[in-house]
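What follows is a pair of complexes built around chain A, which joins chain B in one and chain C in the other.
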Partner chain A sequence: MAFLEINNVSKTFGKTTAVKDFNLKVEKGELVSFLGPSGCGKTTTLRMVAGFEVPSSGEIIIDGKDVTYEPPNRRPVGMVFQSYALFPNMNVAANIGFGLKIAKRSREEINQRVNEMLELIHMPGYGNRYPHQLSGGQQQRVALARALAMHPEVLLLDEPLSALDAKIRVSLRGEIRSIQRELGITTVYVTHDQEEALSISDRVVVMNNAQIEQIGPPFEIYNFPQTEFVAQFVGTLNAVNAEVVDPKAKILKFEGQQLQTAFSLDKLHSGDKVMIAIRPERLSFASQEKKANILKGKVQNITFLGAVVRIQIGIDSLNFYMDTFNNPYLALPKIGEDVEITCSAEAVLALKERKESQG
Partner chain B sequence: MVMDAKPDSHRTTGGAPSARPPKSRINWSWLGVVPFFAFAIMFLILPSLSIFVRSFEGPEGQFTLDNIFAIFHGRDFINAYRTSLTISLITAVSGGIFGFLLAYSVILGGLPSVARSFLLTFSGVASNFAGVPLAFAFVATIGNAGLVTRIIENILNVDIHARGFTIYSIWGLSIVYMYFQFPLMVLIMAPALDGLRREWREACENLGGTELHYWRYVALPILMPTLLGTMILLFGNAFGAYATAYAFSGSFINLITIVIGAQIQGDVLYNPGLGNALALGMIVIMSLSMVGYLTLQRRAARWLR
Partner chain C sequence: MKKVNIFAWFIFILGIFYFFLPLFATLEFSLRMKKGVYSFEAFRVAFEDPKFYQNFGYSFLWAVLTIIFSLLLVVPTAYWVHWKLQKIRPLVEFITLMPFVTPAVVLVFGLIRLYGKPPLNLTPTPIPLIAGYIILSFPYMYRSVDSGLRAIDIRTLTEAALSMGAGWGTIISQVIFPNIRVAILSGVFLTFAIVMGEFTFASLLSWPAFGPYMEEIGSMRAYTPQALSLVSFGLTWFSMMIMQSLGRGAKGEEQIAVAH
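Up next is the complex of A and B:
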């Protein structure tokens, strides 16, 4: 049995459906991210697990116990808020020890636990400071310590890094992950940052329009998106509408060019519309190495992104992006130059076309 | 080895001036506060100094301590201070509590937004409604021949005055003062209550706390500096009120402001020196309450420093 189960949970606010038929099982010690654009229902789902919202239907089970209608203060759940939500009138030690004080633990126990938590977040000696005397990153670490001080069975993090600058975000997410692994605590992490979700999670739940689009490990979500939305939302993507030419031979065509995919088209027929998705990093110049598919185009633009160089190539009326590792000794084509690009059949994903009425 | 692309001659040495020293510039922002300081000097500081000096002047302008001694020897004066302090404390505390509860109801109580708009508009008007119009409004409604008094008498056949009720008493005047005291509390507390973040309540709940824990450990301590500040404002508001009380009861209720008025502009009791000494007493009481407030405020708001 999974440690945290969210079964058929839906939530409506008036006529608006915030979460629709959400199903998820999280194993003990697993870190699962909810990833999606603003308003997709990820925070509402998290708030239902925390008890701040009551599901309109469905059930939430933690460690075999149905907590769907339990008030927040009776759930074995620790939460870290987007805005930290540290109590401004209490110093760091009082914030971390607040839950233990409410639980009427002895002063010695509270002090000991507070010191343990300060060690855990690498902030010993900060106990007497007030929240306004800390940086954003430090405040978020204190918020994490406060949530963990009560030994919760499930840790919930609601976009905990979104208010921080990029460098701190990267270092802090690593810290959160290592603390989570060290404690082995079951964790649900809400974010709209796909890089954050992919880097930190055991599994990612991609959400859109109040529903789950796909659940899977980061590698699977990125490399084998099952829907157009997932493919578009996670990472950069070349997406074009295409038509099935020969399902058995796995041949597709768009704008007069033909591509072969390695994935099964058995359920499709000749003439069926699909969407082709190719990651920019799966494309390369045919002059270096020829693969199953070759496309002819003209270089439109070259953008230097640091570790990666992104080349925009016009193929008929469409633009394709190709990423190549930055190599100072690599001779790049000139803008306006005719080039041939290539990709393997495994790089060509054929996805169902998005229905306009969706959502 | 990494070579520096810049020739050495282009390097700047640390600490050497890299540009012309900045010109000493006049901060014109001070101009904006000049009217305030001019106003404060003319109508607060100079009158206060004048009161202080004249408190120690006799009828001929000579130095004397008689005015100060007279305050402690005249029982009426001590009673006047006591009455003023009583009314000020009653209306500051009850106005504060009542105003806070009202503000809580409309801001956090989940009432429709129209209730909030109505209360805040009413409070804006009522907090400035004082003096003769307010006194007349109460006299005309629940005075001896007031409209409400007559309606109760005629319809319910109840003579409220026969049962000991009179509006011309400390409690009656307190009710009148409450009309502008609690709206002031509402006006000041509404934004403070708005400032309480939902996440603080949720974090408290998430850590096992109840509504009571939230108010005891989080919300009230956060609001305490504003609460204390507003209470002292209400106290000062009532302590210094003159026109409302005078128009309402004449000299029937022995308030210190009315006594001072009688000493300064009265025909019978005319003694400006004593009036100034009594006013000095008021300044001393307000100063002491401010010191008390600042001490409490420092403790309540140490997390803000």
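Up next is the complex of A and C:
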């Protein structure tokens, strides 16, 4: 049985449906992230797990115990907020020890645990500082230590890194992940940053419009998105409407050009509409060796992104993005030049139309 | 730069005059009790009267009681309005402005009519007096606390405390209160100053207090009231300073609670 279960949970605020038919089972020690655009219901779902909101229907189970209607201060849950929410009137040690003090632990135990926690977040010696004397990244580490001090069974983080700058964000997310692994704590992590979600999660829950679009490991979410939304939201994507030409031979067409996919089109018929999705990094210039699956187009724009060069190619009225690794000794085409690009059949995803059935 | 400085100084000096000229004039007048020479005769007379100490003491007591009950009422209310009941905020703000809309005399007669006879005869107790003072202090107390609450993210702080297992008592006393301490203190000072000089309620509800006493002396003597008002001014300031230093002490203790 899963450690944290969210079964059929829905939440409405007046006429707004914030979360609809949410189902998720999180295993012990797993880190699952909720990824989705603003307003899709990530925070609301997390707050229901924490106990700050009561579901309109459904149930939440932690370690076999139904906690759906338990108040937040009686749940074995630690929470980290985007705004850190450290108590400004208490120093770091008092912040971390707050929960232990409430639980009436002995002074020695509190001191020992506070020191352990400070070690864990690599901030020994900061116990007597006040929150306003710390940087944002340090404050968030203290907030993490505070949430973990009580040894909660579930750790919840709501966009913990959104208020920090890019460098700290990357290093701190690595730190959060390694602490999470070290303690083996079951964790739910909310973010709207897809790179963050992909890089730290065991599994990602992609949400849109109050509903789950897809649940899966980062690799699967990125490489095999099941819906147009997931494909669009996670990473950059070339998505075009196409038509099935020959389901047996797996041939599709759009704007007079044909592509072959490696994925089964068995359930479709000739003339059916599908959506083709190709990641920019799967495209490359056609060459002597690569002559299948050719698309003809014209270079529209070239953007230097550092490690990657993104080339925008116009194919009739459509724009395709193609990414190549930066190589200073490789000649790039000129803007306006006619080019032929290609990709393997495995790179051509045929996505089902957006599922509207449940909505 | 220079010009701005001169202008600032000008305003500052104007302010000094505005505040201190009346005080100075009062002082000057109070020193003239003996013909032809400046003396502290008026002060001596004022301090000789045992009723002075009595009435001042009563007013002090009323002020302290008002502050205690006002805090108990206003802090949780303002907190709850911020945390859960944002919608009723305009209503609460309107209620707290009542003493600006309804004159004290009207308020006190209302209280007497309602609580001066059975089934709820409260006029023999100081309850209507304190209750009235609490209402008088609403605009200052509520607004101070409200602005203090606005300055911190009480919603998230509350949730953080809740997720660590804290109950409401702990949250209010250890998280909310210490963080709005300064705001509360300013409400407390204003309330104190108002109650110390209040006349209408004490007089009409017939409770001893400094306001009615001053009025009584004023109708009988010429110089003593001036001395008295200066003394009350000084004492009020002094009390405020004591309260402020007490407030500081409390804060220091709280902060090192779990430190090692």
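The rule is short, and it goes like this: the second predicted complex is superposed on the first by the 349 of 359 C-alpha atoms of A that agree within 3 Å, B and C clash if a C-alpha of one lies under 4 Å from a C-alpha of the other, contacts with A are read in each partner's own complex, and residues count from 1 in each chain.
Here, contacts are C-beta pairs under 8 Å (C-beta built on N, C-alpha and C of every residue); 3 or more make two chains touch, one makes a residue touch a chain.
Predicted, not measured: the structure shown is a model, and the values here were computed from it.
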Ask   = Putting chain B and chain C on the same copy of chain A, do they fit or clash?
value = clash
Ask   = Just chain B (first), just chain C (second), both, or neither: which does A:Ile110 touch?
value = second
Inquiry  = On the A-aligned overlay, A:Val54 touches which partner chain: chain B = first, chain C = second, or both, or neither?
reply    = neither
First (chain B), second (chain C), both or neither touched by A:Asn128 = second
Key: Touched partner set for A:Ala147, first chain B, second chain C, both or neither   = both
Inquiry  = Once chain A of both complexes is superposed, is A:Val308 in touch with chain B (first), chain C (second), both, or neither?
reply    = neither
Query = After superposition on the shared chain, which partner residues are touched by A:Leu330: those of chain B (first), chain C (second), both, or neither?
reply = neither
Key: Which partner reaches more residues of chain A (counting touched residues only), chain B or chain C   = C
Ask   = Taking the superposition as given, does A:Ala249 touch the first partner, chain B, the second, chain C, both, or neither?
value = neither
Inquiry  = Quick check for you: in the superposed arrangement, does A:Ala93 touch first (chain B), second (chain C), both or neither?
reply    = second
Query = Intersection of chain A residues contacting chain B with those contacting chain C?
reply = 50-52, 71-73, 77-79, 81, 83, 85-91, 98-99, 102-103, 146-147, 150
Query = Inside the complex, what are the residues of chain A that reach chain C?
reply = 50-52, 71-75, 77-79, 81, 83, 85-91, 93-94, 97-99, 101-103, 110-111, 114, 127-128, 143, 146-147, 150
Key: Of chain B, residues touching chain A in the complex   = 197, 199-200, 202-210, 213, 217-218, 221-222, 303-304
Key: Of all residues in chain A, those that touch chain B in their complex   = 50-52, 71-73, 77-79, 81, 83, 85-91, 98-99, 102-103, 130, 132, 146-147, 150
Inquiry  = Touching residues of chain C toward chain A in the complex: what are they?
reply    = 152-153, 156-157, 159-167, 170, 174-175, 178-179, 181, 251, 254-260
